[in-house]
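Take a look at the structures below.
Look at the two complexes coming up: chain A is in both, with chain B in one and chain C in the other.
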Partner chain A sequence: MWIIFLMGEDFMIKSSLKENKITTLLSESLEKNIATLKDIFIDDDTIAIRFITNCHNTMLKYCIVHNDGLINASIINENIIKPLMLSKVELSRGQQIDILIHQVVLINQVKKTKEWQEIIEAVTYGDTILFIDGESEVLILNSKGFNIRAIAEPDNEKVINGPREGFGEALMMNLSMIRRRLRNNELKIKFRSFGKRTHTQACICYIDSIVNKNVLEELYRRLDTIDIDGVLDTNYITELIRDSRFSPFRATGYTERPDVVVGKLLEGRIILLVDGSPVALTLPYLFIENFQSNEDYYMNFYYSSLARFLRIFSFILSITVPSLYIIIVAFNQEIVPTTLLTNLVRERMGVPLPAVLEVFVMLILFDILKEAGIRVPSGIGHALSLVGGLVIGQAAVSAKLVAAPMIIVVAVTAITGMLVPRVDASVIYLRLLLLILSATFGILGFISGSLIIMTHLLNLHSFGIPQLTPMEELKYQEVKDTFVRGPWWKMLNRPEVLTKNKTRLGSEDRGDCD
Partner chain B sequence: MQKEMISMWQAISIIVLFLFGSTAVMGMNSGAGHDSWIALIVASLFGGVLVLVYARLIRLLPGMDFYDMAQTVFGKIIGKIIIALMAWYAIQLSALVLRSFSEFIQIVSLMETPQLVVMVTMLLVTGYMVFSGIETLAKWVMIALALTLGIVLFTMIISIRQSDFSNIFPILEHDFSTMGKATLNLFVFPFAETVIFLTLADSIKKSDNVYKIYLSGIFIGGVVLLMLFLRNVLILDVPMQNEIYFPSYAAARVASIGEIFARIEMSIFANFVLGCIAKLSICILAAVKGVKKLFGIKKNGRTLFFISLLILVVSKVQFENVMELITFSEIYPYYAMPFQIAIPILVWIGAEIKMRKKSRK
Partner chain C sequence: MKIGVIAIKRLVGILLILILCTLLSGCWNYRGLNKLSIVTGVAVDRKDDNNYQLTMETVDLTAASKESAGKSQIIQSEGKTMFEAIRNAKKRVTKKLYFSDMKVLVVSNQIAREEGIKSILDFFMRDAEPRETVIPIISQEKTAKEIFAASGVDAKIISEELQKMIDKDSETTASTRKIANYQVFNMLQGEKEMSLVMPAVHLVLNNEKKVVEVNGIAIFKADKLKGYLSPEDTHYYLFTVDEVKGGILTFPSNEKNQKWYDDLSFEIAKNKTKRSYSYDGNRLKFILDIKTTAVLDEVGADIDVIKKENIEKIKSTADRVFTDRLESVIKKEQIEFGCDIFGIGTMIHKSNPLLWSQLKENWEYYIQTMEVEVRPEFLIINTGLEK
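Right, the complex of A and B next:
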């Protein structure tokens, strides 16, 4: 349903723009206007046109236009057609538009316009256009009513504790979820539209007194430069406005959960929502956010801190384990205890490939398996796990194609990589870079590679803010929410790099501690 | 663009890592045997005095690097000569560090890999780091310092069982001239090499206390070097230590606890690589800055590229083999002193006179 809606819109505007820039103005003649409209929406059968005449005064002629499938028919029948037909209000041809708004149509949002472009955008978004004979203006009446997915918990951000609501595809519904959680007048919500052809609605939210004004300005500046024909998901915008465009790491965050969005807003971040996508964009993005999860804040801080630490540790492991294995096997055997070394050597005996090639082959096989797991229809997923686990794992070892420790290395790499899904793509590249360097230069290559990665991370900025927090001096308020998740009564300040308005907690709550 | 600034602790970390960057592995073959640690303490005291001059210079002309200072004090022509000399020193020092580094790598790890390949790899890494600017470099140095200090402590702790505390006796068995020479060696390499930091002085915030930065840098670096030296002597004993080119590496090879923590020389290796890259990139940064000032070049990337090439050539051509490198290290003190002591003191005196004149007006 939703996809059809989007495609239809795209098609319509394409056909109308192809012809002309629509310079003709609205005329006072109803017939002329409808003829122009038909011309604009030529070859589009979803446009419904209906003429109406008032039954008390047949001089009053109207015409309503809407796009079938995007509207709520009962609104149009009851609140537009019925009052227009039956209205007993004194109306005269040519001077009735304001009276219609005030006394006749029963619609919550009404807008006057003279622009064809605006009419096109309104019709394709489910509004009804009211053409009035004798007026050179039309009314845009809100009659939207399309089917949307119900609110559900997002699949990729499931939690055990905490709110389960997730964003949907309809912008206004998403905004309502944010607004419900932030009931004050400081939440600013600004609309914009992107895409020369899709005219996708987007909105920028921030809390006025907390947000960093420089970041906001920079965001607007970058958004102004966007000149793209279609925006179907938030990622279109992400890639257009991000810093250091060639970096494999994210420069903006994403989430599908309103509670996360509100949390980010309260830390001084800016949210960008795009109609048609359940994914909200959050910026600026700190590197540590890769390892944060909303659940950290809903659970005991001891447990959350451990989880946070495990995630960071896994990130490091996932990048380094294959190259460390290569270093141990091929360069510095001496650091392995003797018993382990003999086991390693025994396992590797009779294996045809050198360890480096083995790692390469197995890692790439794993990535193939993973991609297949995502793309495959769920019905045959079972076969995939059978092939992956049994054939590539066990059978390869017993056939002496790969050494058994290799399977463990790949498994550890894979599992640790899954702990931090937000840096998934970058981890694959960094892993390969380190692997190549370590295979060539041993530990020297490993350290050089890590240095390059480290320098790259330190170079990363998000909207002018360094992604790895400036580590000038380690203050508790700076690290409270990074390697550990400090208890709420200790999180006195907001992250310093994000905002100047620091105080989050009035004062340390000594109520029930001590 | 906003000027790149570093914080006080970052500046201190740069000095500390600079101090024991290459010393950590090259060891301190000062020639004084048991008494090297006394020579080290005396040398760090002298180093402390020398850096007072450097700090005073920065205090007199705040917000400037050494190249700018020379030009403001002595005018354009002499200033340019000083810039050329200091830039050359930076290039030469980088070449020296790079060469000793690649020799080390060849001896302990990659016997069959050509040194040129190792050098080019190193220069690519340092090139990227220098290109990223001093802010990134300083942040990175703090992380590297934490890592290296951690490794030093770790090796010290696990080598306690192998340590023989009687190794430091007898104390003061050498005569005065040997001690003097040892002190001079240690003073020039590494303490007085902190003159390179003067060329980065424009990145220090004006509100920060330069004396504190320099002195605590020297102090922390001196303590770490002392610990390193004691560790090596306690594990290896002196005759052994003097025989080996890379005593730290050998010491870590011996240290062990049980089966698991054995043969941890890889960690010393890592330490050395970290320290060398830090020292190398700071020197290259200084050289790039100097050459840019000297010829009035604006393009950072290209200058960096050609300086790196120059360093590669110099370090390759300078010495035929490792023996020449070691022979050179004997005359190095007399070669380096003009750059480390004479030129800064000259600029300092000039600056004092200039400032007096200015304040009189």
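Right, the complex of A and C next:
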């Protein structure tokens, strides 16, 4: 312990020295500045430094610095080096920086700065830094040019109907996809950076006239408290800012699709995008969003309503089926018809494990299979399904290790669980909770477990907004996009809890809103 | 610090809920499905002066293969009381006898006649496991256990077959009256306005095998068996208590026919009996307005049923024959048993409690001297088609 502490202190002293170097101001001397820069980026060979002198006036010395691999070389050659070298503009040492911006460099985004910290962040993001001899300011020139993944349909949010476009890892490209769908001045896009070391760019988008200002304020307040080393994916931020942090249910939504993002923006939600992650964070999050899919809105409302209902029903089934099975076979046999009971008994004859243990074993086995299916390289996927399906399903039953109804129970649990991927983590835990309670107290345990779950759900909030609306506050208009997906011409209002500006369809003075 | 207190409070709350669960739960004990033996029916006989003999029919689960699915097993035991006999049976089997799926309780006519059925039904009403909807049945055979020795026609488990037969009876054959254990108890308690009737079964030969057949009803005075009504009489009896949902009525087509043989069949589509009574200070009168909708399904005589006057003739004959037969059934009951199986007492008690308190002392006398008025209304809605 002591040694670690000492080492820690030592490390702190060193790093504070480095901090000091960064905080030193820029000097007017080009050589000094470059020396400092080299010191900052010591042992980093990707930093390219190039000195330039104007051919008409050799007194004008420049130095450009960029990070190899993040830049577009032709921009630097054609639009920075060439004009600097060949410029015939009247320039004098010490008073040239504004003239350079206005008349020489051919770059769309130029920024003046005196801060080393800003320089570091710019260089590592693909910008080119122009050091000018005799100036204590530098220019940050946009020369980004890195390779990014092509736009593709997100694998986990596939649709049959509707747009196929999905987000990529580059923030600006993602923003362009959103902007293309929302061409008005009310879409606000605010940048922010997170991570003490990664300085990850993130941005917050909302539609000014629809968004709930209280939620926005609360979001900024929570974002201000973030103090983390690095942010590699949106989930880092999600977990840091969410409500009821220990709840297995989501308090914020996620999507990889620009169409979904725009849909959420139009309902008054706020979007948070993080550079380097294709996943957008949407908030506030209502519980019903677990069961909504963007495709619901692209397809016939009859079909979508059925799908909605099936998802909600599956969610309930996935949580309750194993515990109901236990209740039937171990506690309250009188609740099933005689024929079913005799069949169950016949199947359970000669099976070694008690039903409760059997359910546990099979459920855990299924989760193992599922995890293996996700992690396994795609080439051996077939072997996995063969082993999983055939061995565990068929062979276990014929070898009388597991009763056949158990396989059906696990299969129903698994398939229904897959219908609602947004709650899959919570489903596993709730299922186990109910199972343990049912296995010890029978149907009473089941009922009290359900009550615990309902209480928890009713307590869930997302940025101050309750995730489930209590029954007495329910309005006809609000139900149109929950258990069913109402036709578009019927969904006149936005969800009331999300926004004050609730009219979605038609004019404000329509009398029939509820 | 404060958060800690809240967390502890919550934890205590959850623990309290869980502990309360154990207190609130009634029968939540864990019993493995494969350690149960499902009893479907119980037959009660008198073994000797001291002991009852119970014959329990259980689902045979020893061979788990598909061929033996639905076979039954017989477990017999003796004991001084019902419960003791059931406990004694446990000495012979390893599994727990499980009574929640019990369908029928067959009582031998000897016990029902000599000792009454209340002491037998009591256990099945009082114990937690058997349902109150168990159907008590009187066996017309020498012993009750013979019923379970019969071979089933549809189901291999006799109890199941019996239950289904009696359950669907009022819609198809209308030859017996279904009654559940709790209803028997209700009738035997309190004022006893109505006499108890129970389904009766016997064995018949079918394709050289003995099978069970529903055979009318058994009539009780208090809880003691008095006699039986035949299936056909039972059908007419069901008209008087408005329990007919189906069944076949046969009538002669021609009244003048010497032999009065039935050659027309009617299928009852709907029946509604309005029961009422009148009392003139001396004698009771039982009035029945019977509205029957029927379909003419079989014409065994040379009659053109398309013609309206023929239908009218058939109708008037049917009305008369129906009235005659119904009245004779009631007469027979009045003379032979003299007990109120029609529920007239209940009717009077509900509509005129004063009159009831006046009549109930000599209730049997009033039933035996009761007059009957039948007002049938026969409606033939369909004469069928000849292809």
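In this section, the second predicted complex is superposed on the first by the 482 of 514 C-alpha atoms of A that agree within 3 Å, B and C clash if a C-alpha of one lies under 4 Å from a C-alpha of the other, contacts with A are read in each partner's own complex, and residues count from 1 in each chain.
As a working rule, a residue touches a chain if its C-beta (ideal position, glycine included) is under 8 Å from a C-beta of that chain, and two chains touch if they have at least 3 such contacts.
Source: prediction; values computed, not measured.
So, on chain A, is it clash or fit between chain B and chain C?
clash
When the two structures are overlaid on chain A, which partner does A:Ala355 contact: first (chain B), second (chain C), both, or neither?
Only chain C is touched by A:Ala355; chain B is not.
Have a look at where A:Ala330 lands relative to chain B and chain C in the superposition and call it first, second, both or neither.
second
Once the structures are superposed on A, label A:Gly134 by its partner contacts, choosing first (chain B), second (chain C), both or neither.
In the superposed model, A:Gly134 contacts neither chain B nor chain C.
Does the superposition put A:Thr342 against chain B (first), chain C (second), both, or neither?
The second partner, chain C, only.
Going by the contact rule set out at the top, does A:Asn459 touch chain B (first), chain C (second), both, or neither?
A:Asn459 contacts chain B only, not chain C.
Could you tell me if A:Ser448 is touching chain B, chain C, both of them or neither one (first, second, both, neither)?
Once the two structures are laid over each other on A, A:Ser448 reaches both partners.
Counting only touches as set out at the top, which of chain B and chain C does A:Gly388 meet: first, second, both, neither?
neither
With both complexes overlaid on chain A, does A:Pro163 touch chain B (first), chain C (second), both or neither?
neither
Where on chain A do the contacts from chain B and from chain C line up?
Residues 331, 334, 338, 441-445, 448, 452, which sit in both footprints.
Using the touch definition up top, name the residues of chain C that touch chain A in the complex.
Per the touch definition, chain C meets chain A at residues 14, 17-18, 21-22, 24-25, 28-34, 36, 38, 40, 59, 61, 64, 69-70, 98, 100-101, 103, 129, 131, 160.
Looking at the complex, which residues from chain A come into contact with chain B?
Going by the criterion above, the answer is residues 331-332, 334-335, 337-339, 441-445, 447-448, 451-452, 454-455, 458-459, 468, 470-473.
Per the contact definition, I'd like the list of chain B residues that touch chain A in the complex.
Result: residues 7, 9-10, 105, 109-110, 113, 118, 121-122, 124-125, 128-129, 132, 136, 139-140, 142-143, 259-260, 262-266, 269-270, 273-274, 277 of chain B touch chain A.
Could you list, by residue number, the parts of chain A that touch chain C in their complex?
Those in contact with chain C are residues 329-331, 333-334, 338, 341-342, 344-351, 354-356, 437, 441-445, 448, 452.
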